[in-house]
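Each of the next two complexes has subunit A plus one more chain, namely subunit B in the first and subunit C in the second.
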Partner chain A sequence: MTGAAGYGEGDPSLDQKMLPPRKSRTRRRRRLVAFAFLIPALVINLLVIGGPGIGSFYYAFTNWNGFTTPKFTGLDNFFTLLGDQDFWNAIAHNFIYMAIFLTVPLFMGLVGAFMLSRIRRGASLFRVLFFIPYLIASVVNAQIWKNLLDPTGGLAAQLDKIGIHWLDNIFFFGDSHLALYSVAFVDNWHFWGFLVILFMAAMQGVDASRFEAARIDGANAWQEFWHIALPGIRPTLMFALMIISLWSLLAFDYAYVLTGGGPAGSSDLVSLLVNRTAFGSLEAGYAAFMALALSLLGGIFLVIFAIIRRNEDETN
Partner chain B sequence: MTEYTRRTVLRGAGAAGLSALTIAALAACGTGGSGAVSTSSGGSGPITLWYAPNNPAGWNQWKQWNVDTFEKRYPKIQITAVRQNVNTMTAKQQVALAAGGGPDLITTPGSSNAIAYGLAGYFQDLGTIAKKNKWKESMLPWALDMGYINGKLEALPVSYESMVLYYNKTVFKEHGWKVPTDRASLEKLADEMQAKGIIPFAAGNASYQPATEWLVSMFFNGFAGPSKVYDALSGKAKWTDKEFQGSIQLLKDYFVKGYFQGGVKEYFTTQDPQKYAIFASGKAAMYLSGSWEMQVFPTYFGANGNTNDWAWVPMPPLAPGVPSDTYPLSVGGTMSVNHHSKNIPAATAYIEWLFSDTKNMWAAAAATGSEPLPVKFSASDVPAAVDPRYKAQYLAINDASVAGRVGYVTWTSFGAKADSYIIANIDKVINGGLGVAPFCAGIQTSFDSDKKAGLIPPLFTTGS
Partner chain C sequence: MTTLTHTKRQRQTRKKLDERPGGIGHTPFSYFWLIILALFAGLPIFVLLFNSVKSGLELGLNPLGFPKVLDWSNYVTAWNQGNLGQGLLNSLILVTGTIIGVWICAGMAAYTIARLDLPFKRGFSNYFFIVISLPVQLFLVPLFFLWTKVGLVDTLPGLMIIYIAVNTPFATLLLRTFLVGIPRELDEAARIDGASEWQTATQVILPLATPGFLTVGLIVGLSAYNELFFAVIFISSPSKLPIATAFLSFSQGFTQQYGLVNAAGVIMIIPVVVLFLLMQRRFISGLATGGLKG
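And now, the complex of A and B:
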């Protein structure tokens, strides 16, 4: 292919060679300046992410208890992980969590954003209202819902007083069949407003003339959404899918405050297990290995999303 | 005096899940041997002490009795009291120590936890100070024994407690009930209570998930018996033995019968304030828990229109041959001097003051119901302002420890891994997701792992 190009067009090094010395120096200086600007961020990144990352990679292959000198144990932690029912129980919950979040809040966010995008008056108010839960500290949100869904003092008790017994004997956080879904519900309550804002911003970037043309052609709201809005925000949608997938692997705070992973491990997540293993069982090395496994899983997701995006780019 | 109770500090096991990674990165910085402190009386300058209160009022109370009083006595030493979060303190402390920092005085939730710090060389040897202050004579021998790590006195218990049966005295009086003295009378009473619509035992672990291990400890001592527990801790018996399986089976049966809070789901849902309110109101008649509860009861009993009264008795034996009137012994928290402290003399002076100023300890106990230090005392040493039930319980614990009528609890006498295993899995047993036999086998595996790692705390014996 390069043979078809003119002299020097396909070879930047030749470009360099052809530049007069002063221009070449200027370009090099510009590059150095740009690199110098990058250095502080790079150093911080290496210290804050690279350092602990390398450290935890090393500790993942040791029997470190968080205190004493670690001893290299090869693949012992890997084999322990393979037979660790608690880990597989927790990772299964992470995937359920992911499945919930890739559907419920995503659907709510898309519908909410599309509806808001069609409102002329009061859109800002709704935007703020939807976004407020996302701004409140997760611990506060969780405690509010813990009290609200308490069977003796919460919503159920208040409904009881007016003769409505729908929520009687429903133990949202105490029933092992409900706990995980109840935690996901509360987390979703705080999260979906973020998606509304994200999708709304993306929809505003879609060329308005497309919607107008569709309306002129007689498209209804659903058709506008399906054929114009959704394809128009495809990159944002992909981004949302990616961050939801990754965040579902790292979910911690709501489960920690609402159930602590209980009852009986029914809402346990890997991050909670890592925490318990490192600080409760004093098996920081094994906890680091669990975290490493989780990071690898996250890396696999990133690769999958990268491949999908590349394929899409090629198709387009 | 202190409020370094198990409840306060153990919660500190929580933190952001991936904090382990942070520790990992900082770990290489700090280990070292511990050298004995020869003097402490001339301490001066600043020292740091971390504390995580359970409630907003707890901070001021703690500061009043543990910081302000000390600073008045030792004006040359300034304490920088740092308020911590109960959910993150232990993890933060681990990270800080791994990085070569941390507070000058290190607190832990109990001996099980402290031993790993000691083995890592984070603690100063207090042996010389112990000799100087004659702690062997003034402290309860079993508690002092618990402070030794690898033959050095490093982690002093700063509070102690036992597990007993509390009951709503008013409700018992109304129904003409007598306190149970054995398993048969306990079950008969519980059935009678249920027939009258009263929950036998107030219980719940929604606020504090490890609370179920309190019951495990009580049932191990009540059904298998303290001597059997001692045998298992010393390696002469296995946790898979029928006595331990029987203990857990009985605990599960009681849950299935609805003795605890009316059922498993209710137990998992009930938060602490609800639990206390139900017990104080008489909707539940009994409560199996530790000495630390005496600090909380005044908020519910005889307050805000409640006119009910509470009392306590030792946990009745749950199997033939198990002695009655026994008291499982527990360390509610430990304190040590940070080996890397820049002001070891001042930090040591604080500990010396803590164990010598018993007047302050009793004043705090009278004002707040906080647990006493493990020091010897007689009835006449206790001021009249201290709740007589509190006084009676601690005198009974001390008498029992002299007579050898004591038991062992999971958070004091087990290693960290076994304790963590019990906390994580006992709820599965009572919920039906894990069998009794595999649960006990899991305890044995974790216990063996702790033993191999040298993480089993010193096994105390009491009596002559």
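And now, the complex of A and C:
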């Protein structure tokens, strides 16, 4: 693949040798054609992402309501944000979300992938089962767990039948102490199977002779996992950490469907808050600033991961 | 002494190698945990299926178990009252349009990045990499009011254009890896035979890159079908709701009527699950390598 890639890059010196007299004109024409092929992607990208993305940097510093002409207000939005309880409440929840997602699904994904790599029979069946929740729409997954965790139906009612009343008055999505964790739980139920697939693909890429060598040296399963599998998938692991961190900042679906951020903001996330601020109370300028702050935070994560990666490349 | 330990070691090794990758009897520990995880993933889905064919009465008596009587009336009611037919039709339009749009935009972009003499090739490639990692929040607010201004809010084409735009960058990079694998002699030969760039692309390279396009189509189609964030924000008329938001508003109208709402949920997931079971290998490899967004 890499060899073909190198060849596919198009060697200009070769073309020059082949076509000496009309070199520059042909070349220019070919470049124009090449650029023309890029136009649809570029136009739609600039229309939806590039243009509005740049627009954000301007609107973030205005009192825009979305319809009238925005008025530049300097750092007003910044100071509003500093004192905005709702924002700090929401972003704290995003960080809790991130802490949960950097541990629980990661652990489940690693365990699942490693166990799958050790068995021969039934691996593809397990793989399909683990993966199905990831394919199902968030709205339906949310419905499944609303049913299961309903205090009068679902698990609680089933346990009542056999005389266990532990879950009777637990409102997983209605109790402000539980709502955020319940939402994260459902989101995780949907997500961890994806990590299994991701890690399993990476583990298959690890040199089999290293596992064999470890086995010859008498390594047990745990040692094989810790000393061979885990270091072998290190780049994928770092990548997973990075996308989980970024996604945790942007999480929207499950909180929106299951609790709407409630009760009393106890499961609010920044994406929901931006949505309400921009399209509910029509403070588009301020919402743009909030979104910009969130994006900058994501950018900082990306830079941190890029630095870690660079350092690793240098040490290796 | 050394030979003795050596042979002993060898015997141990052989034993270990024999017992490792085997049937259930050889790796009970792995199977135990895999079964636990599989139950965790699978049981809730079975509850969704079971409860979708239970009457309200049976739900009360039998909240989670296998249904005693199969009552299909939930499906009829959900279909008639949930606007699901319209939702599925809208989603079909969205998914088809998005896939075709992404194929055109990303296919052409990937082709030029992989095989043509494009100036600033690295720059464009990097641009797509950066765009993939941009959070949607960065452009959401101005985009919404831009769409309001040009009349694309609350229209299916408006939502479609957004889906095409957010899926094109990663699809471009995925297709690029497929395209660079096709031998370059092929398009050289086509050019010598007098084919134009467009003919070379569509008649020589495109058929060879079909698996790549199929994978991209599946991933993009799935994400458009399940998408919630943009659908919630950009579509409000009941007649234009895609299936995800149609289902959501139905479930909000019939809270706690689990039989009914679960039936609607089953209707929504059937196309995806069937397609997945038919093409799981392509789905899984595609999502593991390229579906690294949302």
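Everything below uses one rule, namely that the second predicted complex is superposed on the first by the 272 of 316 C-alpha atoms of A that agree within 3 Å, B and C clash if a C-alpha of one lies under 4 Å from a C-alpha of the other, contacts with A are read in each partner's own complex, and residues count from 1 in each chain.
Please note the rule applied: contacts are C-beta pairs under 8 Å (C-beta built on N, C-alpha and C of every residue); 3 or more make two chains touch, one makes a residue touch a chain.
Here the structure is a predicted model, which means the values were calculated and not measured.
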When subunit B and subunit C are modelled together on subunit A, clash or fit: clash
Which of subunit B and subunit C A:G53 touches, first, second, both or neither: both
Subunit A residues touched by each partner, larger count belonging to subunit B or subunit C: C
Partner chain(s) touched by A:A287 [first = subunit B, second = subunit C, both, neither]: both
Touched partner set for A:I300, first subunit B, second subunit C, both or neither: neither
Which superposed partner A:P151 touches (first subunit B, second subunit C, both, neither): first
Partner chain in contact with A:I164 - subunit B first, subunit C second, else both or neither: neither
Subunit B versus subunit C as contact partner of A:G262, first or second or both or neither: first
Touching partner for A:G174 - first (subunit B), second (subunit C), both, neither: first
Touched partner set for A:F67, first subunit B, second subunit C, both or neither: both
Contacts of A:G218 with subunit B and subunit C, given as first, second, both or neither: second
61-69, 97-105, 151-159 or 403-411: stretch of subunit B that collides with subunit C: 97-105
Subunit A residues contacted in one complex by subunit B, in the other by subunit C: 51-53, 55-56, 59, 66-67, 146, 150, 152-153, 250, 252, 256, 270-271, 274-275, 278-279, 284, 287-288, 291
Residue numbers on subunit B that touch subunit A, as the complex places them: 13-27, 31, 90-91, 94, 97-98, 116-117, 119-120, 122, 205-206, 209, 264-271, 274, 416-417, 419-421, 423-425, 427-428, 430-431, 433-434, 446, 453, 455
Parts of subunit A lying in touch with subunit B, wherever the complex brings them together: 51-56, 58-59, 64-70, 86, 146, 150-153, 171, 173-176, 250, 252, 256, 260-266, 270-284, 287-288, 291
Residues of subunit C that touch subunit A when the two form their complex: 12-13, 16-17, 20-24, 27, 29-31, 33-34, 37-38, 40-42, 44-45, 47-48, 51, 59-60, 63-65, 101, 104-106, 108-109, 111-119, 121, 124, 131, 133-146, 148, 161-162, 164-166, 168-169, 172, 177, 179-184, 197, 201, 222, 225-226, 228-229, 232-233, 244-245, 247-248, 251, 256, 258, 261-262, 265, 268-269, 272-273, 276-277, 280, 283-285, 287-289, 292, 294
Interfacial residue positions of subunit A with respect to subunit C in the complex: 1, 4-5, 7-10, 12, 15, 27, 30-31, 33-35, 37-38, 40-42, 44-45, 47-53, 55-56, 59, 66-67, 108, 111-112, 115-116, 118-122, 124, 126-140, 143-148, 150, 152-155, 157-158, 161, 189, 193-194, 197-198, 200-201, 212, 215-216, 218, 221, 239, 243, 246-247, 249-250, 252-253, 256-257, 270-271, 274-275, 278-279, 284, 287-288, 291-292, 294-295, 298, 302
